[in-house]
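I'd like to ask you about the structure that follows.
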Amino acid sequence: MTHQLESIPPIDYQQLIETIYHETKHLAQLGKVADYIPALARVNPDLFGLSVVTQEGKLHYAGDHEVPFSIQSVSKLFTFTLAFSHLGSSIWNRLDREPSGTSFNSLIQLEYEHGIPRNPFINAGAIVVADLLLDLCKDPLESLLSFIQELSGNNQVNYNEDVAESERLTGHRNFALAHFMKSFRNIHNPVEKVLDIYFHQCAIEMNTDSLAQSVSFLVHNGINPLNGKTVLNPSQAKRLKALMLTTGLYNESGDFAFRVGMPAKSGVGGGIVALIPDVLSIAGFSPALNEKGNSIACIEAMERFTTYSGKSIF
Amino acid sequence: MTHQLESIPPIDYQQLIETIYHETKHLAQLGKVADYIPALARVNPDLFGLSVVTQEGKLHYAGDHEVPFSIQSVSKLFTFTLAFSHLGSSIWNRLDREPSGTSFNSLIQLEYEHGIPRNPFINAGAIVVADLLLDLCKDPLESLLSFIQELSGNNQVNYNEDVAESERLTGHRNFALAHFMKSFRNIHNPVEKVLDIYFHQCAIEMNTDSLAQSVSFLVHNGINPLNGKTVLNPSQAKRLKALMLTTGLYNESGDFAFRVGMPAKSGVGGGIVALIPDVLSIAGFSPALNEKGNSIACIEAMERFTTYSGKSIF
Amino acid sequence: MTHQLESIPPIDYQQLIETIYHETKHLAQLGKVADYIPALARVNPDLFGLSVVTQEGKLHYAGDHEVPFSIQSVSKLFTFTLAFSHLGSSIWNRLDREPSGTSFNSLIQLEYEHGIPRNPFINAGAIVVADLLLDLCKDPLESLLSFIQELSGNNQVNYNEDVAESERLTGHRNFALAHFMKSFRNIHNPVEKVLDIYFHQCAIEMNTDSLAQSVSFLVHNGINPLNGKTVLNPSQAKRLKALMLTTGLYNESGDFAFRVGMPAKSGVGGGIVALIPDVLSIAGFSPALNEKGNSIACIEAMERFTTYSGKSIF
Amino acid sequence: MTHQLESIPPIDYQQLIETIYHETKHLAQLGKVADYIPALARVNPDLFGLSVVTQEGKLHYAGDHEVPFSIQSVSKLFTFTLAFSHLGSSIWNRLDREPSGTSFNSLIQLEYEHGIPRNPFINAGAIVVADLLLDLCKDPLESLLSFIQELSGNNQVNYNEDVAESERLTGHRNFALAHFMKSFRNIHNPVEKVLDIYFHQCAIEMNTDSLAQSVSFLVHNGINPLNGKTVLNPSQAKRLKALMLTTGLYNESGDFAFRVGMPAKSGVGGGIVALIPDVLSIAGFSPALNEKGNSIACIEAMERFTTYSGKSIF
């Protein structure tokens, strides 16, 4: 740290996210709400919430920060963390950790690479993680929920069974991925059981306050600040953040790193969660998506957040 | 920053890199020196140098830190910076900024994406940058050399004409890439002229001291600390560092981010340069490569560097 | 026809296939019996049968011509013919008719081509045909069996339920293909029902005598010579033979056309059936396969057949 | 042959092609003349010629059968025949013989298959053949011209130097293919020399009368009927015809076999040549192309030819 930087007055995060909230709210009109299942298609596209949890544990927010939404692929962050905390580096026998360069549900790369998913944050990777959880936990859905409730400090976080059922009914591509990997022997449990985990994790609902809190353990080098428990060791936490940066937003990861500069994870429910190590975590929710499946208003809000605050990992 | 972290005594970087140098030197035996041109094949595989330049401008080193080597693809960092400083974001009309997911010289993705390279750090992207430099500079090779000499503070940095000529004679894949992009109208100058720039940039020689110094402007948010000149503005510097993290080591970028956690750029000459913003830059040179074309000993040394020091961008 | 050709004495097909049988029998040792299901893995690799049915309806044979075997993908010829006879050219709304250039169970091309299979003789195409039969026939399995029994003049042709069940238990790749096409809305019925047809058709058993007879309708321009009924009109018959020539042996089709020069269809059970319009049909069975999944001894026998007889479509 | 067929009166080919000429002439308006070089873009799109040469050597024609045109990729048939007649089956060390499944100038498959072209009738394959001719002939362009003049019985067949030069100036994709294969060591001579052959062969000009005559050797099982010389032995001739059927019209080969049922070769100049063994050869010329680069009117004319005459290879 140089002398000049130290003399800068502390940033007023509450005012900052309110400013950004008002500047970027209208952007939702440029996108399109996910409509592959009715439960998502019905979501009000005008909803927009932002929450920040600082390293000291202070919560700041703007807009619809208390409205629960379907976290969808953001859940891949939690299932992976849970499996990684059990398995450590042996998890890489079943998964790779490189950017995919292709869409979130592509089978092409999976065929060239003999059923080993590129990373845990594309659908194929998350399905392998679900398969691992079936071996690791007696009741994976129960374990996963407790895990997220503990991270977020919110006992109300829960599965939306209607959404889970809708996911199952329309999830032909995910069935294809799971059966395809099973043909390469990279899924060990029955496909129906594995996808039951997967469709439920997509249907977890929480608000931006809880979501921002739930990744505080990555701000704190692997330790959950709410209870002092070690979720991941420092090396694992570093690695997970690297993975989020390079692969957290599907094939828009490079662009997000480029524009925003924070490790992050997104979902087609319109949520994005991101963080700066030792500084803060931030969560956004706005259902209107760009053509790569990421929330338009949230990306813009987070780009302004790192630009205005001068803080990012770079 | 918390109180606890501030009370940690300052790291002795000189001792740290000496320790790491001795721990990792033997790893060179696991790799294979690039042999596609005689000039590279002849390099002594036992050479190993490490240099660190801190934010304050202090130089630390170990091993063969004064031996010049062929920087090869590390030069893509300099040509891109030079073009980016002239063109700003309009450069993205000709290039994308996503991880490629494939090998450094693949034509497959280029065909699917109609001649637009995935990023400036794969061969195709660097060839487009060379084409841009031909339009931007009266004498691109002269401009590039001055640029690197100024960044590194070393007037001895120069082209090795024998290497450049060898690159040309064996560069069939690069000729293919350039003609292929020209068929998509994404190369504007004659292929021979464009590749003359490209083959020369690969043949630039410098040592690890100079290489570590030459990226100090990225430690300093875009400003060359040697002369106070702005190379890139802070936003551009942030973006370039993000690009290095997601794409700097070809299709090993994700793994390097994961293991090491620093923005970096590598070359088949055995060099890697990396940095932590506001903290330091580091360069390594060891000619023996893994199967993805990156220096085995340098990657291991840098992983230990971030692990032992507890410093990385994550 | 020139005078010289007319003066050639008629070919003694019985002697010809006996000669070829003895010349090629040992080749089975170069291949490998399909082992993905136990029922196929157990087949005696030394079995080898050849049957010819001439245009006049004369049957010639050698070896194990009366041993029933699992026709596997040869069944795609019958399901396609049945659907084509009902739908005519409207069938091409759901299928293409180009060589695939890739392996029989690849998903890659299917993704690039949005769920439309390249042709009816790769797995994806046959699964679409099964889906069509579910819409066309009240009891597709019953209709298919009657159809084949009528073509072959053999009421003993039947499904092997053990094989069908084994196919289902190991058919992860086919489940993946079906779900994948369903995600593109190119499968209309439930995947389980569609694949039940598909796994049963693979499990049809017949011998080479019956198999050679069953394609006599293609020797006779679309008319079943056993009962005079029109199976396909002449234009449809021509088109089906063209399709067999360009796509009947997966990505070995070009090579088979090149070496043998007859429209044909193969299966991993070791069967191949082929024909020369207006001249004869020929069926072979030898379980040992090459790496492309086609019977080694049968291909060699058929190449000798067209070379020795001087007859082919070219 | 059945009794019924033998009693059919001989076909009046002259009347048949006149009828078809008038029925299909207007179809040229549905296509688009190749415009990648000025010399082709300037061709009158209303030109339409058809010529048939029967097994007995009788010539029939309609329309612009005497207007020379640029045969473009049809020349691949002649260069391959010339090289195949010298090398026999050893030619397959450098080339494969399977349908490509992709566009005529794709590099994708070439990368997956390590620089071995799928077949001699895509650009990459023809470039390898040109490389072979450089090793086989003292003066390849002279040898090729003599060869075609002898096959067609027309000494006026010649190169159009303006077209050859235009091909060179716009041939970036072909330069890319050649350099790419050279990087896999599947081009032995300098790229410039190889492509000089290739660009010249594309620039050969002849009319449909000569073109139909020039493939008569394939109607006659490999023997040039004009002089009795053996061009290919019967086995080679059979194989070449199979190759034409499966790969002669790029990725429209399957469809052409399906609709027309004759071995054929097309070019973007608007020419197509096809044949029925022991019966006749046919050539057409109409410059307007479909989106796969084949002449619309010629394909339709040939489909009607086989449908009306009831003659095809199937």
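To keep things simple, chains are lettered A, B, C and D as they appear, and every chain counts its residues starting from 1.
Basically, contacts are C-beta pairs under 8 Å (C-beta built on N, C-alpha and C of every residue); 3 or more make two chains touch, one makes a residue touch a chain.
Just so it is clear, the structure is predicted and the values come from calculations on it, not from any experiment.
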{"item": "Set of chains whose contacts include both chain D and chain B", "value": "none"}
{"item": "Most distant chain from chain B by Cα centroid", "value": "C"}
{"item": "Distance between the centres, which are taken as Cα means, of chain B and chain A, whole angstrom", "value": "31"}
{"item": "Separation of chain A from chain C, taking each centre as the mean of its C-alpha atoms, in whole Å", "value": "49"}
{"item": "Centre-to-centre distance between chain C and chain B (centres being mean Cα positions), rounded to whole Å", "value": "56"}
{"item": "Multi-partner residues of chain B (at least 2 other chains)", "value": "none"}
{"item": "Contacting chain pairs - touch in the sense defined above", "value": "A-B, A-C, B-D, C-D"}
{"item": "In the complex with chain D, residue positions of chain C that touch it", "value": "1-2, 5, 55, 97-102, 109, 118-119, 234-235, 237-239, 241-243, 245-247, 251-255, 257-259, 261, 263, 277-278, 306-307, 310, 312-314"}
{"item": "Interface residues, chain D side, partner chain B - complex", "value": "106-108, 111-112, 172-173, 175-180, 182-183, 191"}
